[in-house]
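Across the two complexes that follow, chain A remains constant while its partner is chain B and subsequently chain C.
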Partner chain A sequence: MIQAEHLSKTYVLRERNGLFRRKSRREVPAVKDISLTLPPGKIVGVLGVNGAGKTTTIRMLASLISPTSGSLTIDGMDAVKHHLQVKQQVNVISGGERNLYWRLTARENLRYFGNLYGLSGRALEDRIHRLLALVGLTEVQDTPVERYSKGMKQRLQIARGLINDPRYLFLDEPTLGLDILIAKDIRALILRLARERNKGIRLTTHYIQEAEELCDFLYVLEKGTVIAQGTKEQLRSLFQRPPKLVMQEPDLEEILMEILRQRAGGTAETDRAAGSAAPGVSPEEKTGGGL
Partner chain B sequence: MLIVWSTYKRIRTGILRAVPWSFMVSRVATGVTQILFPYFLYRYFMKGNLSPAFLRYTGGADYITYIVLGSALNVLAVSTLMNVGRALITELREGTLEVLLLAPASRGPYFAGCLWEQTARALLEFGATLLVGALLGARLGPLFSLSALAAIGLAILSFFCMGLLLSGVMLRTRDTYITQNTLFVTMSLVCGVVFPIPYLPEWVQRLAQVFPLTPAVELFRSAVLRQEPLSAHPGWILQILLLSGLYLLAGVLWNRRLEKTMLENIFG
Partner chain C sequence: MKNIWLVMKAEIVKQRRHDYHSYFVWFSLLLWPVLGFLEVYYTYQPFSFAGRGGIQDSQDLLAFLGTGYMGYTCFWSMVQNAWSMSWEERQGGTLEMAFLTPANRLAMHYGKALGALIQEVWMFCCFCLFILFRTDTLRWDNLLLLPVFLGLLLLASTVWGGMVGALCLFSRDSSLIMDFLETPMNLFSGTRIPVSSFPLWARALSLLFPLTYCLQLIRMLLHIGEPGSQMLSSFLGLGLCMAAMIGITVWVTRRVERHNRETGELNFF
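What follows is the complex of A and B.
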């Protein structure tokens, strides 16, 4: 289990005010006295607006930066003192298209990152094979990453994050900018990693629906401080709001999902149905090709 | 060794996919220009005349061979410093620094992989410069002596160590162009690449001693021009090793410190 107690991080910024003036020193408290736990097999969500301290917390938990104060243990081990051992057991997956070598293929990327974790030979090749299958990139494994779509790069990032078979995974907006189908696949994968492979997952997201779907426990951060925490039920009960009965038309996301699902079935009947359901939409738009 | 090899392979694959030949051509062209410029001055401006001071300073060396050896070693210095120096800042710019720092691998083998990859390329450029120099009349017969090869090896070691420190400077200033170009122009001017340093003011001569290229180029020339064994110049060898040690220590310590604060300064 990852246990962070009274964790704080203050950045010291040195800014030059003019060409010949001395740099001014400014302290920015990014995280203030945060305590949180991450058990294996659970998904813990961290919610908050930009600048709330979510990414700084991930970096401290992953031993990328040292906390200014507080204690951090991973499976009972002091994570600040033994950061190299910690790095073997954790990994970070961020949303976006960075963190990959674009000129290398998926297989070459995973091989390089595997080597950085001391893996090699048959064991590494088998793991790469399994991970590429897991994220559905086997067919394009020998294509340079620069030719991948955003979703493919994101899936490769997930494979990269699993290359060292970490016990704890930190996901920083893993579905950022992805289309609804890929985002759905990735959410299903995250759930499987926690439930079937017993990984402790710490998820940072701006999508409240995503957090609600995946997380066993939630922390809400604001200006570097935890302002609320609990299970979904506990958070809901905070204000004792009565349940709402809402009548709602199917939203556009549901409609698009249905069109795509039926399109994948490939029946002409489905096309007609989709066409009639969305008057004025061209056949290309109906297939969801622009998603 | 695993990380040395995989870093070598990763950089090599990336370069071959991105700039298979153009990169190499431009680097060879730089080396050749370095010879051609003083060659034209010597042939067409100075009409092949050298001052007695030059012969005194160099022990009667032939000028073409003198500049070819100096320029070739300078090409090697520039390549090594540039590639080792900007390895980490390139990772930062390409967005891969964070995942590199996230892995438990140490930076030593990583830099060694960068050195290996770039040395393979830089030796080609070095060879091409020498070849063009030979065509212009440089006498490079004793180039393959043990002393000359050992001098090249010592030079590469010292450039690598200096490159580690340069890496820290680039990361700290987040600049490659001004940093490396200022350094390279200064080195070309003060390290005795195309003229002996006693022509320079006393204080510049003293400044030149902080660059390992200064003793390395002297050692290399002594091995090729005068076929002297390395043991004839323990002072230069000691200077190269001492500077290497100092740059290595400063580079390792600074990079280690920077790694701790880098993500805070860059992304924080």
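What follows is the complex of A and C.
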């Protein structure tokens, strides 16, 4: 269980105003007095507008940055004081194409990070093998990352985030800029990690649907403070809105999924085909309906 | 202990995979250093040798420059590599990912340094060794000195490289270190001018550069330059210098991590 109490983070910026004038000091309160918990096996969502402090919160919980005040314990251990020990138990996956060595192949990337976590030999190779299969990159495991598409890089990042088999995983917009199919697969994977592998997952996203689909509990941040929290049902009951009855045309997403489903019959054009099986897709599903 | 070695190995392997194996590498790793070497050699050539610093003839000069440039290239490649890697790793976000792991930070620094050293200077070192053999500085009967002298150079450069690497994490503006070190290190540490022929102020400055002691010791080992200078004092000098560098590295590594955890600047670029 991750337990954060009254966490605050204030960045201190020193800005130069011209060559000879003194640097001025400005404080940016990014996160103010946040308390939250993250139990194992649960997915906790954090929503909020740009700049609300979501990423800062995640970086603090993952012990990448230290809180200005407040306490943070991970499985009972003081994570501010013992941040190195805690790092064995957590990992961060953020959206985008960074955080990987582009000149190295998928396998070399995973091996490097595995070594840093103290893993080696057979155990590490086995884990790399399993992770690459999990995210569907087995066929391109020896291709330099720079030749990957965005989706493939994102999937490799997920593998990297799982290399130390963390108990707690922090996801910062993990489906940023991905197509709907890959995003769907990744969501399925996240759900499985929580349900089957009992990982505590903390997710930030700008896609409300994603949060609704995945999260057991939600926090809403605004200017660094929690302005609402609860389960989906609790949040819904905040305002007594009557259920809406709507006639809905099939939305474009459904249509697009259908088109893609019909087109994809093992063509080698999409990067998914190049990257073999998509994550979270069972073989039957793939050969049967064809994805 | 096993983990420390694992981390170092990971850094070395990564370094090797990371460097492009293009033909252009040959220019910066071999040709330019060789040209620099030749430039100095032919600059000195027309002048008569006064026997200063123990250099009597052009053979002595070649041996002197051979050791000087070899040491300097090793040390300088550490600076260059620390700077360029820290920039690239910041930009790629991988630096922060490495600091997300519990890996031993010192092992990371020293692994990077050793990796770069193995990767980048071997070609030029081969050239310098060739010079040393040609000038009969290294012969069959004193071949045992070769591993001693290479080991010494490797150790000193790695310790130096680890320190520079740690310093480079303080801020993204660490190119300052490059500008600050390039010319002074070349000039004052006796790469191409015997320290003994410096005026007093320059000799005092030369004491600040670990490379000075390293070169002194290597040249003494190989009997280049002034005979009769004290081996022991150079040895102590280098030892003290290395201890100080390791101390600085440990301290800076701690400070840097605290600083970066406060500011979250590790992935700024």
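Keep in mind that, in the parts below, the second predicted complex is superposed on the first by the 264 of 291 C-alpha atoms of A that agree within 3 Å, B and C clash if a C-alpha of one lies under 4 Å from a C-alpha of the other, contacts with A are read in each partner's own complex, and residues count from 1 in each chain.
In the analysis below, contacts are C-beta pairs under 8 Å (C-beta built on N, C-alpha and C of every residue); 3 or more make two chains touch, one makes a residue touch a chain.
Only a predicted model underlies this, so the values are computations on that prediction, with no experimental measurement involved.
Asks: Just checking: does A:R111 make contact with chain B only, chain C only, both, or neither of them? Give me first, second, both or neither.
Replies: A:R111 sits against chain B and chain C alike.
Asks: Applying the touch criterion given at the start, work out whether A:N91 contacts chain B, chain C, both or neither, answering first, second, both or neither.
Replies: After superposition on chain A, A:N91 lies in contact with both partners, chain B and chain C.
Asks: Which partner does A:E258 reach: the first (chain B), the second (chain C), both, or neither?
Replies: The answer is neither, since A:E258 touches no partner chain.
Asks: When the two structures are overlaid on chain A, which partner does A:D33 contact: first (chain B), second (chain C), both, or neither?
Replies: After superposition on chain A, A:D33 lies in contact with neither partner.
Asks: Residues of chain A that sit at the chain B interface in one complex and at the chain C interface in the other, please.
Replies: Residues 11-12, 56, 59, 62, 64-66, 84-85, 87-88, 91-92, 98-104, 108, 111-113, 115-118, 120, 160, 164 of chain A touch both chain B and chain C.
Asks: Which chain C residues qualify as touching chain A in the complex?
Replies: By the definition above, chain C touches chain A via 2-3, 6-7, 9-10, 13-14, 17-18, 20, 92-94, 96-103, 108, 258, 260-264, 266-267.
Asks: So in the complex, which bits of chain A are touching chain B?
Replies: Interface residues on chain A, with respect to chain B: 11-13, 28, 30, 55-56, 59, 62, 64-66, 84-85, 87-88, 91-92, 94, 97-104, 108, 111-113, 115-118, 120, 144, 160, 164.
Asks: In the complex formed with chain C, which residues of chain A make contact?
Replies: 11-12, 56, 59, 62, 64-66, 83-85, 87-88, 91-92, 98-104, 108, 111-113, 115-118, 120, 160, 164
Asks: Can you name the residues of chain B that touch chain A in the complex?
Replies: These residues of chain B touch chain A: 2-3, 6-7, 9-10, 13-14, 17-18, 94-96, 98-105, 260, 263-264, 267-268.
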